[in-house]
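Down below are the structures I want you to see.
Consider the two complexes below, in which chain A is the common component and chain B and chain C are the respective partners.
Entry: the complex of A and B
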């Protein structure tokens, strides 16, 4: 196989590097450290972070792309031939899910197709029945009799394995905590249980318990069944949902990554310099802001489509073309969404400019750029961070809507929007094909809910106004 | 006051010119009219004649900015920029790529759009502000906590699911109202009730949380303590003092969207088959009808700027401290 680095892959790993750099920076900055410790103490925040981390692992695995080597008929001396299809590490892990397609719709965990078909008997007569699936439950000789028992057996095995992994995990956490605090294991465990630890480990472990109890059975069942059924062309819905996670994460994170430099640089410059610079920058963001977002996105995406179609020769594979479109969508979304953050930063920089320490720096003859980079930027970081985490969920939701309208990702890209779009008309069928929609709903809901809860925890910890209010007279009420 | 409004309109002009330039660059410079013609006619097997005809029919065969062949002022006016972009300022939207008169479409489709958007806006505002006040009244209790949890959960559901789920339950399973469609006159109520309710429910989560934060910020201020100290009940404090003072931040977010109600909602209208401006825009996007999209972008910006103007005027009405400078 030969590795393939798509543009979004490269940017995702760049983002990972930026995030780790920021993490390292926070370790050595007492203010940021105490804020992160506050996030660590928030139970909802840590539970959400655990879920987000799992989603991130799925997304990262799906970002390691390669092109598999084709089995060539010739000898070893020949040049290797690579498939035009781009796969990812997630595809390799979920080969079973990817390759075991059915003919068309089948319900979750079913052994037979959803629709009746005309089947020919051995004696030549025809009758209508639900044919057996090609892969779902083929190991059963007599499905009606064995189906329930087989499901129960696999479910139990999965749940037990999940519980076993969880116990190991909980043990490791308790052991490490016990060694760090040099107290007994039993005491540590009781502390975790009661939530007496600095980091809300009980929330993390509870989330993992729920996650493993779901994932264990799913993995065991997925071996022989389609856990979430199959869609119109027989693709496994679980596979579609897993693949959609990366698209959602890319849209949610890369969009902010590409818009941050503009928003931060322009916002600080407008606030710090004032005067003409401020006028120009204000004019710029008011103008862009006054175009309704959806329409600006629609116009830009339409133009991008034409552009990609007329320059088709630039892209070697379909995956690269779809990736270019995804990246362009991130840029377009970023272009329309930087104005809010820019305005916030301008306002803050305007206030900071008048403070004594900035005046002192000016009096000492520190250069303008250095003041902005060393004195203003670190004191605006919390606003940037809050904006980044708050935007994430809105962007994930926006992707689904835009893809539905037809101005989102490439129709061949896996995404929640394309999934919903394809499944939407299935509700009109009788009986109803509900599983694709429910799968998209559950995955999106969990992802966005986790993002919202984490964003709230981050905001509560980093926003000095809220922190003051929470510790102030009206305590117990969070914004 | 009139002087103030005139000055504000003059301030808005450069912004509109900026919007106009951006749309012009987006629609005619990023891709040439030739690219668009090829796109419309199918990328392969398209003759230069067909492209020329397509462009001539729609007036895209002129030079972009400067017409060398023309005489006098026509050098400037007989160009794509003048014909297609500058004419937007006098609301001359021209024709859609399929020949319909865009200005007429807009006036006829505004009605259905407003029929959905206005009730959604007014009822939604009423519901969310009341819910937020209720949460604030019971602040720091379990009712408040679970109310906020409900809001966060509702915020986390995509608007698509509200519509799909609502249509499925109300129209298909319970058979209460038609799934989609539209009728004129009082008969329209049957078609409007479901989209309006769904749009309100879909927006409750985030708006309620937003208003709740505003009210909580107000409730910590000194005048509230004074009101309580002179023995006023909690409900009087909330409804008479807090609500009034919170109007200023609420107005900032609310008034600006009022003019945009004319544009309708893209998603709701297309799901429910309402013949409004939103569904027209979606159709134009799907058909890659650039003339309609361009007109909508410009119209939307004009309405947004009108909204900003209305916001400033409304401040002076509710807050005596704000004066026309």
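Entry: the complex of A and C
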């Protein structure tokens, strides 16, 4: 196989590197460290972070791309031939899910197709029935009789292994905590569940418990069934949903990355310099703001689509082309969504500019750029951080809407938006095919809810005004 | 005998915080009679405002009353339901808050806000309510009250807003008025008006008044009885005359000793070591023991009870107990004015000539300039090495703008600033950097002047790096350590962040930052106005010591005339962007020639034996700098204005001894 680095992969790993660097810097900066410790102590925040971390792992696995080597017909001397299909580490892990396609729709955990088909008997007569699936439940000889028992057995096995893994995990956490604090394991265990630890480990472990109790059975069931059913062309919906996670994460994070430099630089400059610079920047963002967002995005996406289509030779594989379109969508969303943060930052910079420490720096003849970088930016960072986590969920939802309207990601890219778009026709069928929509909905709901809860925790910890109030009201007696 | 108006017994209020419950009010007892003014004095954080809020049952979130009784006219307030309590608030007792700007609702006009109170407590509506509201406004000295009812708060000046607040407090015909620092946010001349108004209203209505303040001058002028609060409890209580004749508690005495006055000029002010102890724990022994110069073992073991000193004076201190060795009671004020070592007047280092700073007022789509705010309009100053020039005036007179224009933080519209003979206004960047090494600034607000995201070491080093002082990084680190020590902080503190320091310590850091580049002139913009008296004394001592050791010259911008009297060699008095009088400090403060200077000096509440001195009441407020009055700017408020004043701005008149005054009375 040969590794393939798509543009979005590179950017995602760059972002990961930046985030790690920021984490390292936070460790060594007491102000940031205490704020993060506050996030760590928030139960809702840590539960959300755990979920986000799981989503992130799925997304990162899906960002390690490669092209598998084809079984070459000739001898060893021939050049290796690679498949035109780009796969990811996630695909490799979920080969079963990916490869076990059915003919068309099948309900979750079903053994037969969802729709009746005309089947020809050996004697040539035809009749209409639900044919058996090619993969779902093939090991059962007599599905109606064995189906429920098989499901229950697999579910129990899954739940048990989930519980076992959780025990190990909890044990490791307790052991490490006990080692660090040098107290007994039992004491540590009680402390964790009473919430006496600096980091809200009870929330983390509870989230993992819920997650493993769901994931264990799903993994065991997925071995022989389509847990979330299959779509129109027989693809496993669980696989589609897992693949969509990466798209959502890419849109949610890279868009912010594109937007940040504009918002931060222009916002601070407008606030700090004032006068003509401020006028120009204000006119710029009011103009952009007064163009209907969806129209602007639609126009840009359509232009970009034509551009990609006319330069097809630039892309070696379909995956690369789809990736280029995804990246372009990030840029377009980013370029149209920086105005809100920019306006916030301008207002704050306008206020900070008048503060005495900025004037003191001016009295020392510190250069303008240095004042902006050393005095304004660090004091605006909490706004940026809060905006980034808050925007994430909005962008994930925006992608779904845009893909639904047909101006989002490439139709070949898995995304919640394309799943929902497909569900448009499924809901019109009789009987209703509901599982694609429900799967997309549940995954997106959990992701966005986790992002929102985490954003709240971050805001509570980093916003100086709220932080003061929360510590005042959180602890101790009430009147 | 009828019960006293207000009786408070052993009141305790705790407020939840991150470090456990703060015992903000810890066993306060007081009695207040009808028609009496009771002053509660203390520094910030001693619990005096919290006492007032506890009485009103308006504690902040997380606060609760733990124990004690509050009896208003013999009626216990603690068992009352919230609905009954609303009847009492604004009815039987009313409160005036410190900040008039934020206690009025900005989107309702004055009449509506007054009518609301009247409807709630007196049951008046419609026409009668409006008439009563107008009467109230007239009673608090607002001219043209009928028309003012329709004004919104933004149309009123600070003094007017405080008057409206007082009118609202009076609307429910309260028997007890709680005034929480009612004049702290106001200028001295306005403060004099408001205090006079409060005293008159109290006399007329024979209300009881609980006056909360940190200013001993106000206490001396207003109070019948005084209580000094420290760390949540009252440490001394006395009738006014006894208190000012002989304060007994060591803390009270320290408060007096820390006040800067002319008599202490040239000498160090007494300071209090340490800070108010944390109020989160139970106290063993006297709360003040840790800072008390006279403390001995007993003070650390046993909490002192009340010792009656006779004449209604009582004190919580072991010094006056059975085995106490009471220190010599002395009058707070002693000694004669000393001149100290005044360096001879040399050549001016800083020379300001006819400085003008105008801010354009722009209007309309094309942002055309329709008017100019003449913040500074022709100011001339000279400052010699090693001397202090105080620039005095009320808020809005343009004194801070002068300071900033001198440092070129604001571009001057006209005139010149020359430093060592070089014209600062025309210097290029490199030349300006050279001047910035010699000319630095200390700001007013110690909480706003340090970047919260930078360590103290970085803050101090920044100026050195920017101006290329002290060569290598190693040298700079060494210099930072030296500087921290020279302002009385430990060198090890450089790794900390500003939020770990108190207000006084932050101001020391700000001074160290200014000194880092070894300036010769420092512009001090109200460096002590945000600080408590005892901390102010520390900072003034530090500034004076630095001046003696380093030969610094200070351009000292302030509104506090007591500080001027203590620090300044020369004084310039500003009014509406112009200097109306300047000359040697002693002459100006003892024998002011300009009517404004005189009014300003008289308006400052003084601590002295005679109770109410004649105060020159200035009418109205300072006019706007957009449209200053024709002729002399001061004539609309001047008690001795005549026709000529209304048409011609007075020229400078030199009175000899370097005194200059701009007034037609002297030309």
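Odds and ends about this structure:
As a convention for this text, the second predicted complex is superposed on the first by the 469 of 479 C-alpha atoms of A that agree within 3 Å, B and C clash if a C-alpha of one lies under 4 Å from a C-alpha of the other, contacts with A are read in each partner's own complex, and residues count from 1 in each chain.
Convention: a residue touches a chain if its C-beta (ideal position, glycine included) is under 8 Å from a C-beta of that chain, and two chains touch if they have at least 3 such contacts.
Being a predicted model, the structure only gives us computed values, none of them experimental.
Of the two partner chains placed by superposition, only chain C is touched by A:379; chain B is not. Look at A:310: by the touch rule set out above, it reaches chain B but stays clear of chain C.
With both structures placed on the common chain, the touch criterion links A:302 to chain B but leaves chain C unconnected.
Taking chain A as the reference chain, the count of touched residues is higher for B when chain B and chain C are set side by side.
Legend: residue contacts after superposition of the two complexes on their common chain; A:127 is shown touching neither chain B nor chain C.
Applying the stated contact rule after C-alpha superposition, one finds that A:449 touches chain B and leaves chain C untouched. Under the contact criterion defined above, the residues of chain A that touch both chain B in one complex and chain C in the other are 472-474, 476-477, 479.
Within the complex, the chain A residues that touch chain B are 283-284, 286-288, 290-292, 294-296, 298-300, 302-303, 305-307, 309-310, 393, 397, 400-401, 404-407, 416, 420, 424, 427-428, 432, 437, 441, 444-445, 448-449, 452-453, 456, 469, 472-474, 476-477, 479. Listing the residues of chain A that touch chain C in their complex gives 30-31, 355-357, 359-367, 370, 374-375, 378-379, 471-479.
On the chain B side of its complex with chain A, the touching residues are 14-15, 18-19, 22-23, 26-27, 30-31, 35-36, 38-39, 43, 139-140, 144, 152-153, 155-161, 164, 167-168, 172, 213, 216-217, 219-220, 260, 263, 266-267, 270, 281-282, 285-286, 288, 290, 293-294, 296-297, 300-301, 304-305, 308.
Residues 14, 16-18, 20-21, 59, 61-65, 404, 407, 409, 429, 432-433, 436, 439-441, 443-445, 448-454, 459, 462-463, 466-467, 497, 510, 513-514, 517 of chain C touch chain A in their complex.
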